[in-house]
Structure formats: C-alpha cells, structure tokens
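By written order: A, B, C, D, E, F and G. Residues from 1 in each chain.
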C-alpha cells in the first residue's frame, strides 16, 4: 500500500476500494442479491475525532460500506474513496 | 451461532434474522395482518454507546424490528442485518 | 393482564389497546366526530427515561393516544401497540 | 368547571374551549376578518416544564390560540383541546 | 396607549401596528418599492427571555418587521400583532 | 455616513450598499460573470454576539455579500440592507 | 501569491483555484471520469475556528474540493473561491 502524506478532515475515512468479487482471508463475501450491495476496502487514512463522534477505525482496517457512499479521489495516481466514518457498515 | 471477530459502529446492532413463521420458545409471534410486519432476530454484535444513547441490548437478545430497517450484510458466508438500536421494537 | 418479561427502548411505551366504544370506569369517552379519534389503552411496559425526557407514565396507566401512533406488535399471542411517550395525549 | 384527575405530558396544556362569539369580562374579542381567527379557552390542566421551556400558564388562565392548534379530546363527557404551550398566543 | 394586563410567551413581542405611510419623529420611512415592505409598530408587551435568546426590545420601542410576520390579535377592542423577536428588523 | 441611533438584533449586520461597478481604494472588484455576483457595502451597525457566533465585523468594515442576502430597509431616508453576519463572504 | 489584507468568517477557507489539468509536484491528479471531478487549489486565507469545528487547514495547504462548492470572489483583480472547511476532501 502506498503511503499518503496528506490528511483528511475530522470524522472522515479514506478507503482503498477492493474488487467486489474476491473472498478475502477475513472471509468477507459481498451478498449477491437484488438489493444494494455493500462494498469493501482498506482504510488508508483517518481524520481526527469529531466533538460527538470518536474514531472507531484505523489505517489497515478492512471495512464494508454502502455502494453510494463517499467521493472518489485520485491521489498520486491511485483511486481512493473518501467516506464519513458513519458510512461504515462493518469492520472486519 | 458463529462468532464474529469484527465490530460495528456506536449505536449499531448486528442481527441474525430468523424465519418469520416459527414461534420461538419465548413465544414471539409475528402478527399476520395487512400492516407492515415486524421481523425478529438474535443480536450477534453491538456497537459502543453513543453520546446520547446508551446501549440497551446485548449479544444473545432476541429482538423485534421493522421490516425495512437496516442493511443486509453477508459476513463469512452468513447473512446478517445491520440496524440502528433505535430500530428495535421489542427485546424478548 | 399477562405479564411481559421483555423490555422496550428508552422513551417508548407498550400499550394494550382497548375497545374504542366502551366507557371505562375512569369515564374516558372517545369523541364521535369526523376528526381523527384518539384511542385508549393500558400501559403494559415502559422504557427507561431518555436524556431529555423523563418517563411520565407507568404500567397500569390508562392513556389516550392518536389513531396513527406507533407500531402494532403481537407478543405471546397478544396484540400490543408500541408508541413513543410523546404520542400520549392524556393519562387518566 | 369539572375537576380532572388525569394528567398530561410536559409542555402540554389542556384547554376548555369557549364560544368564539362572546365577549368575556377580560374583554378579549376575536377579530372578525378573513384571516385565521385565534380561539380562546380556559386552561384546565398543565404538564410539567420541559428541559428547555418553563411553563408560563396555569389552570384558570384564559388563553388565545390558533384555530388549527392541538387535538380534541373528550374526557368524562366534556370536550377539551390538548395544545402545546408554544401554541398559545396570549394569556389574558 | 392602552395598558394590557395579559402576558405573552418567552421570545414573543406584541406590537401595536402603525400606519405604513406616516413619517414618525424618529424618521423611519417605509421604502416604496416592488419588494416586500417592512412594517413598523410600537412594542406593547414582551415575553421573557428564552434559553438561547435574550430579549433585546422593550415596551415603547418602535420596530420594523416583515410584512408577513406574526399573528393578528384583537384584545380589548384593539388590534395587535404577535411576532417572534427574531422577526424584528430594526429597533429605532 | 449618517449616524444611526437605532439598533439591530444579535447576529445581524446593517450594511450601506455601494455601487457595484466602482473599484474601491481597497481594490475590491465584483467579478463580471454569468454566476451570481457578490455585492459590497459598508457595515453601519452590528448586533450583539449570539450564543454560538461571535461578531467578526464592525462598523466601517467594507464587506462582500451574496446578491439575494438580507432585507432592504429605508431608515431616515437612506437605503440599507439588513443581513445576517453569516451572509458575509469577505471583509476587506 | 498576492497577500490579502482582508479576512473571512469562522469556518471558511479562501482558495486560489488551480488549473485542473496540471499534475502538481505533490502528485495530485484529478480523476478523468464521468463522475463529478474534485478540483484543487491553494489555501490563501482561513477563518477562525467555530465552536464545534477546529480549523484543520492553513494558508499554503493544497486542497481538493467538490466542483460545486463555494462562491467565486474577485479580490484585487484575482479570482478566489470561498468555501466552507467542511467542503474540503483532501489536504495534500
């Protein structure tokens, strides 16, 4: 994983999205249904805690998040997704 | 029940949904009416308390919740439902 | 009245609805008009107080509440209504 | 005035509506215009103070309130109106 | 000015509206434009301060307020306007 | 600049609008584009600080603000604009 | 970079937008996709901290922000963009 020197705002999480099909060693499988599928990714960067919300994830955590969460960013040639921590569904 | 090693955010509850028809030993029956039917499930994982909301359920609790609550997740091959604690209608 | 062993969340009230036509010993009559009619019921279970809202009703209280308040639940074969305390109009 | 033994929630006021046409001894007259007319009534019961709102009316106060405020209740055969204190326009 | 014996709720101001055309001794003139014209009146009664809002006007103050602010009231045969203090545009 | 003897509510700023075309000594130029143009004016009067918002402008400050901000007032024959401090875009 | 003598309100950030195509020394590349592209710019001025939000950027920071964020301002002949700090996606 490339090391990012930048930072993000409080309450935010920068995620490196992963391919939806593969089954990781932690065993997360994306359900194959008509419903909106959660996606997974690795946390790369986290912002500071907000006044009413502690940060509960850290860099390296594998997380599930909703399909339409966040904003895509390309930094140093890599694609990332910036989401709010509250968009995270599960931390493997 | 499989043991999950992951965690979920504050105020959230991960539920293992159960078949709507069966009558459990705790006697919960889903009403058969035209209205939206509550569903039941077993609490598998709970997040931390939020600033304004204590956690009132624990793993192992059988709960009723609204039909359209939460987000379906498949973890380690099992289907779960992630809901906010405030979506819980009754704790058996 | 059957005794319920379960519990409900903070700020919630579980009510055993009563027939709208009868006149109770406490003299509550449902007005017969074109407007939305309040319903009455007996409080069976109450949740804990919320941070900004003390619980002002207790099990056994006869209450009036709006027609479209709450969610119907069937527990141990009995029909109940789960409402927020703030939906209660009058405590007899 | 009949004495009510029941109670109402914090921040609420139970009013005994009075005929809109009469001119009371306190001299309140309902304006006769095309605009929505305020109504008047006597406060019969008041709830407790809320965290952010002291109770500023008491039983016996004559009050003006908006035409579409509150919920009609019939208790012991008498018609009342349950309003939020904040719906009160003037306390005579 | 008639003396009112009643009172109004916290954060509220009772105003005796004045004719929009005249130019008062304090020199306030209502602009003659296509835009919504502010109106002026004399403060007759003020409610108590609210938790988050001090009262900044007092009886006798001449104020400007928006055309569609408040609720008309007729008390003791006089027309008044009940507005929220936050509807006041200028205190002469 | 005429001296105003009145006052305005907390968080509010009374501005004397200036002609949009001229270039002031402080060098502020209104951009000539299809987008909504900010306007400029001189602060004439400021209200008190609000509980959650300190006052950051003072009488005499030249400010930029959005085209559709505020309410026009004519006081003592002069046109002013009453805006919320939060409508101010830049303080020269 | 020209030095600005003015100031902006709490929580706000004044940005000097940069051309979207160039690749900066810090390696930020704007993704070329059908989705809304983030833009980049250099922070020129920051407002004070707000009660619930610390300022996390400073003059000189290179930032990414959403395409439709903020208000364009021309000050001393230069084009700037005024955004809320919360509109910032990434700080390089």
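Everything that follows uses one rule, which is that a residue touches a chain if its C-beta (ideal position, glycine included) is under 8 Å from a C-beta of that chain, and two chains touch if they have at least 3 such contacts.
What you see is a predicted model; the values in this text were computed from it and never measured.
Using the touch definition from the top, what's the fewest steps needed to get from chain A to chain F?
When the steps are counted carefully, the minimum from chain A to chain F is 2.
Since chain A and chain G are copies that touch, just let me know if over half of their interface numbering is common to both, same, or not, different.
Both copies, chain A as well as chain G, present different residues to each other, with under half of the numbers appearing on both sides.
Rounded to a whole Å, what is the gap between the Cα centroids of chain D and chain G?
Here the centre of chain G sits 54 Å away from the centre of chain D.
Report, in whole Å, the distance between the mean C-alpha point of chain E and the mean C-alpha point of chain G.
43
Taking each residue of chain G in turn, which ones touch at least two of the other chains?
none
For a test of understanding, state which residues of chain D touch chain E in their complex under the given definition.
It comes out as residues 26-31, 33, 35-36, 38, 52-54, 56, 64, 66, 85-86, 88-92.
Can you tell me which positions in chain B touch chain A when the two form their complex?
Touch residues, chain B against chain A: 5-10, 14, 47-48, 51, 71-77, 79, 82.
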